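Heads up, the next two complexes both have chain A, just with different partners, chain B and then chain C.
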Partner chain A sequence: MASGQAGWANDPAVGERGDAVVILAELRVQGLTKRYGQVQAVRGIDLEVASGEFFVLLGPSAAGKTTTLRAIAGLERPDTGRIIMAGRDLTTTPVQGRGMAMIFQTFALYPHLSVRANFAYPLRRKGVASREIDRKVAAIAAQLRIAHTLERKPGTLSGGEQQRLAIGRALVQEPALLLLDEPLTNLDAKLRHDTRAEFKRLHRELGMTMVYATPDQLEALSMGERIAVLREGLVVQTGTPDELYLRPQNSYVATMVGAPPMNLVPATVQAGPPAPVIDLPFLRLSPPQAPAALEPGAELLVGIRPHDLTPALDDRPGPRFLARVQLTEPLGDVTVLDLAAGGQILKMVLPEAEALAYGVGKELPVRLVSEHAHLFDRASGQALI
Partner chain B sequence: MAAAARRGRQRELGKAGWGWTALVAVVSIIYFFPVLWIILTAFKTRTDALAIPPKLFFTPTLDNFIGVFYRASISAGGAQETNFPLYFFNSIFIAGTSVLLALIVGTLAAYAFSRHPLRGNDTYLFIILTTRMMPPIVVIIPIFLMFRLSGLAGSYWGIILLYTAFNIPFSVWLVKSFFDELNPEIEDAARMDGATERQVFFGMCLPQILAGLAATFVFGLILTWNEFLFALLLTGVDTRTVPVAMARTLGGEVGVDYGLLAAIVTLFLIPIFFVTFLLQNQLLRGVTFGTVKR
Partner chain C sequence: MAVVSAQQVTGERSAGGFWAWLMAPERRGPLLVTPALLVLFVMNIFPLLWSFGLSFFNYRANRQTVPTFEGLQFYQRVLTDENVWERFQTTAIIVGSSVLVQLIVGFLLALMFARSFPLRRILLMLVLTPMMLSFVSVGVFFKLYYEPTFGLVSWALNHFMDERFVLLATPAGAIAGIVFADAWMWSPFVMLLVLAGLVSVPKYLYEAAEIDRASWWRRFSTITFPYIKSLLLLAVLFRTIETFKLFDIVYIITEGGPGSATETIAVYVYRQAFQFFRTSQSAALAYIILFVVIVLTNLYLYAVQRREQEVT
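Now for the complex of A and B:
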């Protein structure tokens, strides 16, 4: 991949990663805030994205993902805060001069231009010579398997082809940083799966820094090298997929990451002896390690992953309780069971064949597989331990 | 893809069935009948035109059309040219220029209102429209006096300015609705691809609403083309438009020459038919803009 195209307003340093020469583009967002009228979309976001990293912004709609991306791109002027890439402050640099490309949720293809002209548009605007444009367009179209559509209008393409055109129009610019705003939301399920793999492959091959916004935890976990979980305009936790899954810092991240979401059960700490125990509506747990915060009377949320529940068919050790099946949700290879116990609904995931034994209304003993229970303060949602 | 299938089904001609087709055909004939009658009358002799019961079959004549351009004159010793070629030119020039000007100004204003809204945007839009709420007859005397005082009366510029001003509100509102329908992410994408604001406007926004612009142009043209009241008062001998000239043929010492009138109307219809026909495809897309999610 050639670097540092002539005519770029900024010309970041060039480094090596694997075989590919890549443009160094570590990105820092500092104290970003943005208000639209009465709505405070972003309340102070700090991000550090390493050069060549696949970084995901995960959060529900209105969490501030799109606003953050648009501020990085220069499409929005932040109220406060700074955008720094490769050591250069871009906060006030116009959108045209940032050397970034973006893939939009709606694909934002130019409907009145042919596929060829769509690909060529960014290159023309940057003053690339037309022979060079022809060569690059042919190459990218072949790479994305839409070379046969070059003379057609985007409206005549299938959903997958439109998506690839949107990707190609961004990649043909050889941007230092690629921003992706929920690019899979408008695709059907099968295509979404394929494109996830495609993004991962492209990222590995091109070594480009990517910032990817999505409300879908599956996309975040499967593609992201690091993930920032956003909530109401703030970063709640940043970490690798494993860190977020295994050590969520609060109950919000715990329920955002992992599917089906973690079960959260209200509980109270009871005084020993010998050690304090955690009193769930259907179960008593002795915490494996007694955190300092576990004072008798403390109100908690206990987080139990659906995968950490299993029918207690043998007498293996582990905390167990009785539950009744309320609902079954067969998903093909696995089935999600809604269990009622002590007035709570718990989700449990079983292999499909195993789940067949448990119809609605059936009562069964359930065992906690993992010793590790996630403990959160009930009022603040913060993880204890 | 489902949307494409839906559109495909809608375009399957004849699906509505013969009953509905016949009903629509009958209603269409009722609508078109006056136009048809005028065109037929244009080809009738004076006797045929006035015949009762009306004649549906007759020997056509071109005399009425010749009469539009030449009239018998004793002083000129035979045929004398009329001013109708000038009047036709005036109608085309005045309506065309003013509707085009209104479209240009209106499109720029519409883009600003749509993409860079002001505080109280809707209030300004409403105020722009209020000028079209008054019956024109209310303002005709003040406007006539202003035109006389400023020397605009009787000039091309005067009537063009007036028609432009009258067409702008309509253009702003209609074109704004087309801009509002566009996907703003396309403009953002163009900016990220390096386009300047001017390139975004001319290269992205305008091409996407061409159909809407065509529709706006034709609607404005039809309104202006047929305007009579202001043209009557504010045009002079040299700038007279066809509707005014037409009215002046009415009261002669020989009574109303219906054949001649019908010939003028028929000729008068041709340019507007032509423009509408030319822009037909754009028009259909323009008036259904936004009703189909693309």
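Now for the complex of A and C:
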């Protein structure tokens, strides 16, 4: 980040130095739409990605993540909308002229070429000396710890090695913008963990703008500097991981971000002296402050994070209710308890040792940290506070 | 049980017993295969062995003399016959040029049909038609096509030439005519094989190559070609072996003429066997041809296997 300078870096210096050259690559996507036959894949997406940012597109399958990435890369021509990078309108620029690299979910390694030739593939064009190519390939292979596989075919590599080859082939081009389309989906759990760390490290070292599509909220929260949550071809909310977690703008984002997902409980507002109260099936809550929308009779969804429920073992004040344990899911260090209360199932997370006391069928008093509760309009799903 | 005992009583025991014995589950498989094996033996295997035997005897199919054992004399005679070598050369020229044309045309057709365009299905069906016609109809079709008085080729060319154009009058023209007919018929076969290879290439590889800024030629040579390489070899193998045995088209279009310019080895064997009735000699030659085809086949199989090992 030290030598901020526009244009192409001459030296990838991957891993050799920490101060990679910053390439101006702020990206704007404006009003993007794309239809495939009867399916409207993207309905109007606007994104602003700052130069050097790790930006995540989070959404379930068919939310439009991949289509958006492909439109940015130039593999799809958008029906409407514009792609602007560093002030340059790239909407109709062919793929080759965009200075972007992409890592595919399938890795898209060239099966008939050696690992070395795969690395060198983007470099082999006019004006690049073969000695220069050899040097760059050797450097990137060493950095990604697959130098020993250079003469082999990609098919003989392990999943993690294939993944690193795909990363290396993208990085060796020194792209202004790196697009990643669910790159961890084809890896096993352990490798995903390692590769997440690897992506973060690479991003920090190279300072490159990255747009990363994933259906996995854990990947999004752990890597993204900012996240856009997509739903059915639209951006629902954009923000930092903290903003999305602490202030979801609607119930969709609330359940999408955070694991286990937020409990959503239907409730109604009751006029009650002195102030209106929120009537849950198993509990009455007095809202922390009374928003205007809380008119008596309003139908709500109350969002409660599993971490905001605890067993009420002492007499401290606060909203509490009785619940029965229906199911326990030990996850190692923590256990997820499914609690039944008032006809609702609530998930509660407890440390493993604490959870041992509550077997299936046991009844327990539960306290709710009500100041963390989220209120959503039941019809629209919009947050009320 | 009652039915069985009734049959036993009325004396149908032996007939029903044989039928039951024959249709027993463990015999059903062999029973079903037997007719096919019998036909195969009578029509193929026996004549094959018999003719192999004949190639060592002095035998003419149109004479009633008792054949005498001659050893390898006919093989020696065939192998030292200049005519035979000339026919082999003719065959090689026709095979080489025809397979080459089929490869090029089939390949280009496959590239065309690999992408989607309007009327693709209908065109594809039309292009595949020649392959489904019988050799005889293709032969007759091209014979009329090349016909000097009313054939389409001569008629078209006579607009530009004073002399009557007779394609089949010169050796080179006759060979070209046969090559064209054979290539017309079999290019679709090569196209089908290549098309299968083209369709098997994952689309994302082309997209990755586009992002990697590879030129059209590099995309073809590093992605497309490796996927169709083994299928191309297979196409060459099939077509070489088939064209090596080319008989029908040649016999109908030129009957080997002019002179012996288009007389392939298959036509030559036919003439030796059924026009000059040199039965033993033609049997010997047929076995030499068989040997050549087996060698060719193994060469190609070896190549295909090596390619497959390279790929994996």
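Here, the second predicted complex is superposed on the first by the 362 of 385 C-alpha atoms of A that agree within 3 Å, B and C clash if a C-alpha of one lies under 4 Å from a C-alpha of the other, contacts with A are read in each partner's own complex, and residues count from 1 in each chain.
Assume a contact is a pair of C-beta atoms (placed from the backbone, for glycine too) under 8 Å apart; a residue touches a chain by one contact, two chains touch by 3 or more.
From a predicted model like this one, the values you see are computed outputs, not experimental measurements.
Q: Could you check whether chain B and chain C clash or fit when both are placed on chain A?
A: Here the two partners, once superposed via chain A, clash with each other.
Q: Going by the contact rule set out at the top, does A:122 touch chain B (first), chain C (second), both, or neither?
A: Once the two structures are laid over each other on A, A:122 reaches both partners.
Q: Have a look at where A:359 lands relative to chain B and chain C in the superposition and call it first, second, both or neither.
A: A:359 sits against neither chain B nor chain C.
Q: After the superposition on A, what does A:281 contact: first (chain B), second (chain C), both or neither?
A: So A:281 meets neither chain B nor chain C here.
Q: By the touch definition at the top of the document, which applies to A:95: first (chain B), second (chain C), both, or neither?
A: After superposition on chain A, A:95 lies in contact with both partners, chain B and chain C.
Q: On the A-aligned overlay, A:158 touches which partner chain: chain B = first, chain C = second, or both, or neither?
A: In the superposed model, A:158 contacts chain B only, not chain C.
Q: Does the superposition put A:60 against chain B (first), chain C (second), both, or neither?
A: The answer is neither, since A:60 touches no partner chain.
Q: Considering only the touch criterion stated at the top, classify A:296 as touching first (chain B), second (chain C), both, or neither.
A: A:296: touches no partner chain.
Q: Intersection of chain A residues contacting chain B with those contacting chain C?
A: Looking at chain A, the two contact sets intersect at 73, 75, 95-96, 100-102, 104, 106, 108, 110-112, 121-122, 125, 155, 169, 173.
Q: Sort out for me which residues of chain C touch chain A in the complex.
A: 202, 204-205, 207-215, 218, 222-223, 226-227, 311-312
Q: Enumerate the contact residues on chain A facing chain C in the complex.
A: 73, 75, 95-96, 100-102, 104, 106, 108, 110-113, 117, 121-122, 124-125, 155, 169, 173
Q: Please give the residue numbers of chain A that touch chain B in the complex, ascending.
A: Of all residues in chain A, those touching chain B are 70, 73, 75, 95-96, 100-102, 104-106, 108-112, 121-122, 125-126, 155, 158-159, 169, 173.
Q: With touch defined as at the start, can you tell me which chain B residues reach chain A in the complex?
A: Touching chain A: residues 1, 183, 185-186, 188-196, 199, 204, 207-208, 210, 294 of chain B.
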